[in-house]
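In what comes next, subunit A is part of two complexes: it sits with subunit B in the first one and with subunit C in the second one.
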Partner chain A sequence: MTMDQYAETFREETLELLSELEVGLLELEQNPEDVDVIGRVFRALHTVKGSAGMIGFDEISRFTHEVETVFELVRSGGLPVTGELVNLTLAARDIIREMLDKNLAGESADTEIAEQLVAALRGLVPTQDDFSANGVAETAELIASGDNETSFHIRFRPPANIFHRGIQPLGLLQELTRLGSCKVIAQTDAIPGLDELDPELCYLYWDIILTTEHDEDRIRDVFIFVEDDCELKILPINEDLLAQSGEGGRLGDILVQHGDLSRDDLERVLQAQNKPKLGEALVQAGVVTGAQLDVALEVQAEVKRQKQKREAVEESSSIRVRSEKLDSLVDLIGELVTVQARLSQTTAGQDDPVLNEIAEEVERLTWEMRDHILNIRMLPIGTTFSRFQRLVRDLSQELGKEAVLVTAGAETELDKTVIDRLGDPLVHLIRNSIDHGLESPEARRKAGKPEQGTIFLSASHSGANVILEVRDDGGGINRDAIRDRARSRGLLTSEMETSEAELINLIFSPGFSTVGEVSSVSGRGVGMDVVKQAIDSLRGTITVTSAAGKGTTFTIKLPLTLAIIDGLLVQVAGEKFVLPLSAVEECIELSRQDVANANNRNLIKVRGEIVPYLRLRERFSLNGTPPEIEQVVIAEAMGQRVGFAVDHVIGEHQTVIKALGQMYRNVKGLSGATILGDGTVALILDLPPLVQDAEADERILTDSIH
Partner chain B sequence: MEYLTFKLDGDEFAVDVLKTREIVDLRTVTKVPQSPDFMLGVINLRGSVVPVIDLRLKFGMEKVAAGQSTSIVVMDVLVGGETLIVGAMVDSVEEVLGLDDSQIEPAPRIGTRLNTEFIKGMGKQDEQFLIILDIDRVFSTDELAMVQGAAEQPAFAE
Partner chain C sequence: MAKKIMAVDDSATIRQVLSFTLQGAGFEVIEAEDGQAALEKLANDPPDMLITDLNMPRMDGIQLIREVRQSSWGKFIPILMLTTESQEAKKQEGKAAGASAWLVKPFKPEQLLAIINVVLL
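And now, the complex of A and B:
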């Protein structure tokens, strides 16, 4: 690795950590006391500091250290999480981000702002004495947690006459604490009433949770002189304990395993229990003591810790690969798919069972490999969701609106390229929703809605597509404003009848923007048409629905991957073309008689509905006459059904998409090319521009008639 | 420097051999609609889609049916700071030839029947002239876009 590569890896890692930090902080804003999240924030800071120091970006390292110090305090309970702290830390995150860019470019960042922020953060910290005790205890525990450790639950019940034999239980317990980090809970339920109490006997017994590098035998050694007379149980705490149950091992099961609770009692309490907390119910029912419960809870927590640790280990078993490497892998598999298609085509004509078998095997492997490789490029979309939380928070503050972002389906996976290119359109839609969609808090109150508006962002799978939704519960789209604007822009003539859906979808037309005033947020000269273009370029579609007073929903439908699509192979004048199968609805025959019946208009009846169609032969100026019976492929484009008349429909074709390249960038209506089984190249149709062009031509035609 | 030479309509042309990748036989070319005539279309070059232009048409020569020796010279062309792989269809490929700078003369302004912008210089081999092409210029997309605009004109006149 060269230094540059180190720097690049560092940059990627740091960006990831910073987004984790951001997510954590925003979560903390909602749940200021969530210890897990505080831990996450702290670790993110700690790692940024560490790796920055390692690679020599001292500026970042020093600055992050200051922030980390504050969070160390928070973690040890010495400082509460306040809105101010979250704000300052978010600002600090932005500064780190800036420092990162600047330092990588070899410049140094603006230290003044950084210093101001450090001063402000320090201002939050109380004086030293307030927290020292707590803080120290915590760090000690931290140091103790190594890697080869196991945890044990030890139940030590000495014989009552232990003192008579000159053995001091305290000494044993102290020896245990030297083996590792240790939590001792004394059980007092065996202490009799005063009238029966013999002060020379030992009624106590202990539960110890010990995390140690040593094994069980070493623990037994501690009790070597008393083991024969005392009750000593040593149970390793591991995840098997919880394998049968979900969240951290069920409390009841742990208690039963310790022998503190009989299965029958547990069942009884469980049945009677109508409270969410089993522990409290058990204590109330008198079947276990509070101390026994504490032990069980402690065991449960330990198990949870182990699980987290294991998950952390699993996480680190993944490796980081440059996305270019994946891209070249996708290219290669694309070639392989093509070659495989040729192989199948060649062998199909031959009467050689051995050869055919090999070809089939190659086919199977190729498809399997293709699926795996495409799968590697899939990432959960949630990685982009997190940046929107911040966006909504900042924007609503800026615009004086109250808004919260609710996301769903963050785990939905999409091709990395698609995710990367989806960011900007989504930002735009969310901005739009907050700026134009949501009303001011007063207006919302008057309308009987909660003052805080909600933006829903969701992702879900639907067949070979991913559906994204950006929904707000705002005022909805003003249809009259759209109609007026569309007319003044010449997008709509006054006689033109439009359906509701057609009308609102006009906002995606180029040069359309309904808000007169330009706010700093949306209306930077970038309209919805840009969003639509971006989605189109991902071979997706976007539609909008809106209900007055209830809100607006933008629905984006995207293909799972950009590299390979299912296509429908057709032929016109000897040339082959591929239509994206996802858009195709059905194929219909068109005879000369049909054409004559429709008075040579390009209209076809599909089960009672009149559907317009384009002749690819005409659109592409191809020679020759169409056959007696043509085929019309009915597809969905630009939100409507449109037919495409072709000579023959050949069939489905797994299409590896290749770019047509710079030289053909001006050609409209084609989204790329693909290589067919016989080695020739077929062009892939891009339906929306084709329809758009046809509409434009028609308009010119009708205008010249009038 | 070494040059690859090829023939077009009886004239001999040369390009810097370092710009060329390979020479392939003519194969099925898929025409891309709405593109000017000289842009023949795209071919499959071992799994890549490569555009091919007909240099005869590009240089305003007469179109002829492809013959036995018709070949495609695949080249790296620098267009707008980006390297593209492009094929050029020629009548026949001749040889690789070494030429000193002293053997190259500047392009005459007239008499070549070609846009002088495309010409880097004139070489002389035996008694024959050799037109050394600036292949990046030939393929520059501004030039292509211009031609494309011109090609669209007749469509409007219909």
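And now, the complex of A and C:
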């Protein structure tokens, strides 16, 4: 084996680690003392160094070693995380990135810069006397025990005379909260009536659910001064409970285990129970109190959380596969789906039960396989989100603005191809939000907003689509500026009336830019139209809404996958077409009489609303006469309802999209083709361009009349 | 206002360690060299917490704890007794007298502060 064989793996691994490093460093900037993050940064550096050294990239290994050394010191508590350290390490990350490219290409990197950086990093390290060995040991211990949390159910019943010994239970509970995340439920059932109550005694007792990285002894230590006199039960919440039942341990069992409920009482209530909720029944029967029930429910929830966590850990074991392999798998499954459809169609016409059974089995397996394969290609979009943190940081510094990026829904999964092609448009939108959206800190202060602007980036699922939002809390879009610009560019004539929404969506028109001078950030010769094109090519849509003084929101709607769409199969003059089902709202009939009633204009009334429609027969210049009763597919395109008149609606059709090839690249209104079960080809319609074209034709027509 | 802690021990070194540690943590410290002296100082100026050695001349720690618990002001204040390894019986006696907590000498400053953290709210 030669080193070259490892190079690609090393490259991928290192890129991944470098972006982890970047994310970690940016997090550290916010929380400089987060031990977990420091640990992560250190591990990333450590791994880069190790693998680089292993395959002979000594330059990277040596340089990373220097950075690692500094972070080892940080990790052991000998060096605080400062802004300077983060800046230097970010710079170091960039150098490693550069070294990686150069070394892979067989060149060597610019050592001078690297050496300067190493010197600067070393300058941050204090001399040996500046920190005590004591502190080092303690922090190291903290890190070592991380990641390893257990949950305990603690029942603490202090002696009634605890106050006479000068001990406040609150102090003990507070100490517990320092050990980990802690839920405390007070049990009040032992409080006597007022006439019997001695205010100097303690009648309360507590149930505590504690999730901690410490062990039982450490918890016992908290109670050391009262342990001999109090009732103290510490039960680990763990696999034993998990084992008892599937859904986080049965409620009754938990109560019995805690001694709040006898097995007999449980059986009795279970037998008498006719309501679905055991907990309520138990409380009503008076065998447990509401607070005891709360504790048991809390334990149950904790067990469930642990189970989910364990499953998540199990899931995350993975193997690395080249994405080309997946692509060819998707192509193959596409072919298989097509062949399978033909098989089903062929067997359906034959009266052979054995053959039919086989065909049905093949169909089931094919669909299952298709779903699985498409699923493999799904990646969490968070991988792209992380690089934007750096972008926002650098850009806002460059532009003299203060901005922070808040992301949500990073776990939302999307086809890898879609994610790859989303990067540039998102970068552009974020640049735009910082450059044009956010005001300067002074302007924000005057407007009574916090000086630091916020860019929100979120992803979420919505049916077969993924919705991405880029939102800023800036000044909003200047509508007058858009109107003026649109008129000067001829995008808008003075007599044209536009709705608010139509007006601001004009920024997606080609050649549109509201800022007079081209800044180096948003400028670069591209405008929002390029973003729109990119989104269009992903079969997505982009819209913008804006509120003056409050901010602007860009909403991108994308299909989950590019390879397969749910389509509606229709027929016009013997030709078959597929409309994307996600855009289709309903199908209605159109008779000759309807057409006559509308004075032969292409308008149809759908439950009181007038909807324009276009005839596919005319758009594609197909011969023949339409049937007596046509079908109109009402769909949503360009933010409005538009009808498409066809001869017949055949039905839903799962469509494997095939590209049309070079020849047809410039044909508007078609996004691809698909092979039907009988082997014939159907064209897949791209609705927005179709509508645009029809509108343009209409305009030319009306203009020529004027 | 800073919480006030009284430190009672017949050893000047221990008193200094206590004072230094507690003052460093932001507490106000009153020192006394035995139970008798402590009670005299306490009467006019009750503290928020008491730390006392057990073996002292004139009045030992156990007696001091009993006296404090019977006073009008000291019924509920946290009392930390300083013991040594061999004093298990004394420890039980102190607990019975009303001590909140104990700390075995020699101790580290962090240990002292950790206990105060729990018992003094």
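As a convention for this text, the second predicted complex is superposed on the first by the 511 of 706 C-alpha atoms of A that agree within 3 Å, B and C clash if a C-alpha of one lies under 4 Å from a C-alpha of the other, contacts with A are read in each partner's own complex, and residues count from 1 in each chain.
Rule of thumb we're sticking to: a contact is a pair of C-beta atoms (placed from the backbone, for glycine too) under 8 Å apart; a residue touches a chain by one contact, two chains touch by 3 or more.
Everything quoted here is computed from the prediction, not taken from an experiment.
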Which superposed partner A:S323 touches (first subunit B, second subunit C, both, neither): neither
Residues of subunit A touched, compared between subunit B and subunit C (which is higher): B
Partner chain(s) touched by A:L660 [first = subunit B, second = subunit C, both, neither]: first
Touching partner for A:T177 - first (subunit B), second (subunit C), both, neither: neither
Touching partner for A:L670 - first (subunit B), second (subunit C), both, neither: first
Subunit B versus subunit C as contact partner of A:S591, first or second or both or neither: neither
First, second, both or neither for A:G679, with subunit B first and subunit C second: first
Complex interface listing, subunit B residues touching subunit A: 27-28, 30-35, 39, 41-44, 46-49, 51, 79-80, 82, 84, 86, 139, 141, 144-145, 148
Subunit C - residues contacting subunit A, complex: 69, 75-79, 95, 98-102, 117-121
For the subunit A and subunit B complex, residues of the former touching the latter: 331, 334-335, 338-339, 575-576, 619-622, 658-670, 672-673, 675, 679-683
Of all residues in subunit A, those that touch subunit C in their complex: 163-168, 170-172, 174-175, 200, 222, 224-225, 228
